[in-house]
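Next come the structures, one after another.
In the two complexes that follow, subunit A is the common piece, with subunit B as its partner first and subunit C second.
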Partner chain A sequence: MSAAVMHPFVEALVAGGRTLPASTASWLNTRRAAALERANALSAPTPRDEEWRFTDLAPLNRLRVVPAAAGASVDVAPFTVSEAGVRLTFVDGVYVPALSSPGALAAGVTVGTLAETLKTKPALIEPHLALHAGFDQQLFTALNTAWLRDGAVVHLAKNAAPNVPLHLLYIATQKDSASCPRSLIVAESGAQGTVIEDYVASGDVADTAYFTNAVTEIVIAPNARLHHVRLQRESAQAVHIASCAVSLAKDASYVSQSIAFGARLSRYNLDVTHQGEGAEAVIDGLALISGQQCADTHTTMDHVRPNGRCTQLHKTIVGGSAHAVFNGKVLVRKDAQLTNSAQQSRNLLLSPNARVDTKPQLEIFADDVKCAHGATVGQLDADQLFYLKSRGIADTQARNLLTFAFGAEIVHRIPVKSLVARLERAVMTQTQAG
Partner chain B sequence: MSSTAIQELVNQPYKHGFVTDIESDTAAKGLNEDTIRFISAKKNEPEWLLEFRLKAYRHWLTMTPPAWSNVKYPEIDFQNISYYSAPKSKKKLASMDEVDPELLKTFEKLGVPMNERAALAGVAVDVIFDSVSVATTYKQKLADVGIIFCSISEAVREHPELVRKYMGSVIPVGDNFYAALNSAVFTDGSFCYIPKGVKCPMELSTYFRINTQDSGQFERTLIVAEDGAQVSYLEGCTAPKFDTNQLHAAVVELVAMDNADIKYSTVQNWYAGDEKGVGGIYNFVTKRGLCKGVNSRISWTQVETGSAITWKYPSCVLRGDNSVGEFYSVALTNHYQQADTGTKMIHIGKNTRSTIVSKGISAGHSNNSYRGLVRIAPTATGARNYSQCDSMLIGDQCGANTFPYIEVRNPSGKVEHEATTSKIGEDQLFYFQSRGIGAEEAVSMIINGFCKDVFQQLPMEFAVEATKLLGLKLEGSVG
Partner chain C sequence: MINSNARTLLDIRGLTATVAGVTILKGIDLTVRAGEVHAIMGPNGSGKSTLAKVLAGHPAYEVTGGTVLLEGKDLFALAAEDRARAGLFLGFQYPVEIPGVSNSSFLRLSYNTVQTGRGRDELDPLEFDDYVREKMKLLEMSPEFLDRSVNDGFSGGEKKRNEILQMAILEPRVSILDETDSGLDIDALRIVAGGVNKLLSADNACVLVTHYQRLLNYITPDYVHVMESGRIIKTGDKALALELESRGYDWLLDGGTSASAKAAA
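Let's look at the complex of A and B:
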């Protein structure tokens, strides 16, 4: 493919990336420059690329966006999580201290911005930042990395265990803007914690388009445990593209629930690598979409070392003319003997024009492993509907109940009570509307 | 002991490797429009067929070999292949006695004493040796009920209207790179036509052999079942041992009209190359069935144990309402064999149903992939699919991959897909051995159990042959 066709969003971000002021850390400048060079060279994916086979980027390619300026003040009240011990708020990708709440943190817990951590504790981030989320062939990660100037840093020192969730809130407020949120989460050995990553929209972007291009890197050291809750509640016209790279060391544990409600077009790449022996991952996903929405989730579970475990449950509820895509790759490398990896993709179609494309994928190069995947696509179970109706529950209500129950299975795995309650309401509203 | 024992069990030499010394009438290497005209002229073909070939060839020139599959091989030099090779026919053969004794001996070595076997098993064998049919048995019996079963060249001569109507109707000339190549240069194959309401009184089978070194074989099979017709077709393959790779690009088209039922079974045991991965057949096949009529049914069953590379996806296009597609497959790869095989179930008609059962066994340094597509079109209300793909790995140098594509455009569609990967467990072997069953037999039994769902679908004779074939690949010294 030639680089001749450069879509406006790429052009805008590449041009903007060039004008970014240099960082004081030379290593960061080097990594940024390398990413900028790749972003400039790579062309935007098309449905001819296997990884983008089902997802049409046309809504994004049409978009004329400018890199977001510093954000205006917004009301964060609707987005706060009462249990959270700390909240970092970024408006259009820029940190806003006034909207953040630092909280009192347990010893060994660092939650701050990239800019600040670069000044105070650069040693915490240098070994990780931009080294886990590959950008050699990934245009969107390259664009984000080229734009790396600020972002959230969560660092849990050895054996640190904040007993409250840490909240990273990204708010989009400007129409026709492009922002590149960035997060780095590091759990040193024996540490454990819960991080909520939350993408929302506020103000005048409710019905207009904008582009969020997020990248998150998560590093979990031996015996550390991290629970990662990811919410994507962008506005109805937004384009949300995100990548998350997770690296697990020996006996580390990663649990994640990612929920996608919003955006006209969303894509989430979750790449989990078991770099150490005996690592464990639990990956759950829920996409609840309707209208013209398209939600695409791609996961890669890479078992590199022996004795790894992984269970995945991905659900979609698709109404209107919406389109859900799931691609789950499980890769078991030669040395990853005794791996146990299971994956489920469950898809519920609610309307005649809804569409689902799912592709669970196994690539196995070790002989002593247990791997399984399953995929189902269907509508609500007729017997279950009949059962409810025979007990006097109206058809619509019965349908809503069953749809709700289908989605609630994932929501209930989130360990933050107020969030569960809020998401339950959202699922309820959406199922009733759909 | 067990893992090395299993290794030894699966490393069986190819037992069908020999070259029959028969004079062949072979075309010079290379491919251009003149080669195609030569083939066409050799076979006394009508003008329209030459046009069909040339159209395919011109289309082929614009195409590139598929690169998406999970197989690796050096680039094929299509100009270094001879596209026509036929045993020299002296005169028309009236009976089996006149068949070249060398030829008969070949079949003998393969364990196909066809006169006896055909009589005993009640199977009509349309024997293909390289590219030209030399003997057809039971023809009369079939003709009595109105079934046409002959070589495609004969069908072109005797029933041009049928061939012209259906050839290329399921797999268009430009469908894919290898199908286009086949359409341009196919030399022979089988044609079968079952008229309205006729149930074929016997299993139909063909033996394909590749004989002349460096001659690619391009078979073309066309089976048409009219309203209410029923047929079961068996295809079995073995090939002599060669060091240079041989290209085989066959095309098989099935058409099932209203209430028709076609069952197509394959046992493929072509030369797979030696344990270093040298030689072996490249098996790039396009097989597709069209369920054109309502309530029609097409069922593919395959046991793939041979070929250096297998690239084939027997598919069903379920156009008629209530039509049924089935795919049952066992693929065994060993040494450096590569298999990228699976199926496509395209649901277009209402209440169409499909079942996929695929069992992959990889050993040695081989790579075995299942690649499948289930598509429920917006028109396919009430469509239903069930897929099951299981893989078994023997040794830690091999790979097993699963690439199922599921595309649903109709909410009333119901699609279920399951896949698992496992190995022959130490505890399973121990259990067998504690009951006095040797490791070799235990492995064979476990593998047969693993493949049972597929073997059950094979016609009786083939089920025996397939079980033997896996047993053959697995038999050997223990300890």
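Let's look at the complex of A and C:
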């Protein structure tokens, strides 16, 4: 129906989706076909769309991408996380067993690829896959779902508790390629675990453009707890668009840190729905960008049932001519009485050309709730600066330390020590004025 | 300990200062010699804390007149960080929380910059760890405070102990402790005051800014000064603090008013 010209990236992915071999699971074929239809019908967002007001997709529209070919071999050593009990490695969206490390897992823990789980334990994924991340109006999720052929599956059975983090590593290696990484994480009742979702680039694409279009679905059953660490460390020219849909049952707990360092243009949509009563979410974000980068984070916290709690701290450190965008929507529906939600957006501008657009968005239909929000955009805290200087620390050094600390506050919440150390170094490198 | 032959560490003459255009300090004169403990008392809003912050170089305050010499050097020619290196220390009334900076790296950076500024050698992380742990014993602080962010989530008492720990590490010539006793329970007060006493010597000096005589039961002042409306209106010995405790400030303020009224007349 739409008269809009189809963008090359849409065309490439839709065409790729059409040529996919049918899955043996008919339900999956049905969901893929529905997504393909939507991908065909929807037009690419423009700044006239409220959800894309501040973020210009021009770097993506300029790309002439082709769906990624089977991944080449790549050195994963720089990306390994020593504490991780298992690592699934995908190169340009394709699982590479030789670069993965299965590890010995606790009882009730399944970590594998979508293709393999479809064969061995389809019942674990059929109730969830492509049912949480909506694609009716979301072009990028529709494209990812239409293109769905492989991905990562983490399933924690009832009361399962792997005591080591599980690492999902997505490496981009091909110039001008498009890949659609997909992850499904399910924690059954009483289970608890930590998952690291990690997007990186190999040296081959350090200065070239490519497109990552990722979708993650997370389902947390009653009394289960999931800690989700998301790292976006794409190359400086990449375009990274991602959605994560989280569904929380009664008394479920979701804690996440999303860190964005990379990409010329990145967009992360995090949608958390409190389907059950008394669920809790802690969502922290940090975007650390410079040069011409743009990092956009849109979060939606949808409180459907009563007694939900949510704490959100989103930070950005913006240098050069970079541009950070944050939109934090909190929706409290009529039945969601006694919801307690606190949202903070804190932004640090390191240069006169840096820009931040931050927008809290509260929609409250219940009458007995507590919803606090606040946003700050600015320079370093004058009291902190004076405190450090009163201890003999020179002005430049004090400023560097505080800039580092501003980012490190989020990094320190990550429960994986080696990752904290690595990210601390990255923050240090990017924030030192010299 | 008063020794009139001791050298002067801090010499304040005719100091006036403003904040946001309002004059807070209206002519302060104060001489602090090595080995001395001075207490500055006075009602709320008399300018005590302002004096402390002006000396340390807080950017919100503007010095409009007078001179201050720290061991003979012009204090106001020095940036805040250089004052610390020159031997001035401010114990904050409200120590600032810095999430994301570990206390240990902050303390070491501070120690090493101050040492370098004084022409001494730095300590590497291991050497510093030994050094700081020794100092922490003075204040009965658990080593776990090293791993936490600076003052972040510390109780009132923990923050004040952390201030005195910094004083212990930096070995200043002149320490100005701004309401170090506020918000402390009796055990914390005993520990903090005990730490300060161990750090005092014939070579350094301390200025205690306080509301209450309570602190002075633990740290005995050689001089007690009363500040009111940006001036020191009375100076005495520790007996003055006891008198203030029982009589309040009113008798001094009335006297001050009538004295200035007489002078005006």
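Following the convention adopted for this analysis, the second predicted complex is superposed on the first by the 420 of 434 C-alpha atoms of A that agree within 3 Å, B and C clash if a C-alpha of one lies under 4 Å from a C-alpha of the other, contacts with A are read in each partner's own complex, and residues count from 1 in each chain.
Following the convention adopted for this analysis, a residue touches a chain if its C-beta (ideal position, glycine included) is under 8 Å from a C-beta of that chain, and two chains touch if they have at least 3 such contacts.
Keep in mind that this is a model prediction, so the values were computed, not measured.
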Exercise. With the two complexes superposed on chain A, say which partner A:R48 touches: subunit B (first), subunit C (second), both, or neither.
Key: neither
Quiz item: So, does A:L401 touch the first partner subunit B, the second partner subunit C, both, or neither?
Solution: second
Quiz prompt | First (subunit B), second (subunit C), both or neither touched by A:S390 | solution = second
Practice problem: Specify the partner with more touching residues on subunit A, choosing between subunit B and subunit C. | Solution: B
Self-check item: Contact residues of subunit A, present in both the subunit B and the subunit C interface
Solution: none
Self-check item: Residues of subunit B touching subunit A in the complex
Solution: 68, 376, 378, 391, 393-423
Quiz item: Hey, which residues of subunit C end up touching subunit A in the complex?
Solution: 56-60, 79-81, 83-85, 90, 92, 95-96, 98-101, 106, 109-110, 113-114, 117, 149, 166, 170
Practice problem: Could you please specify the touching residues of subunit A with respect to subunit C in the complex? | Solution: 382-384, 386-395, 397-398, 401-402, 404-409, 411-412
Quiz prompt | In the complex, subunit A residues that touch subunit B | solution = 50, 54, 334, 337, 347, 349-352, 354-379
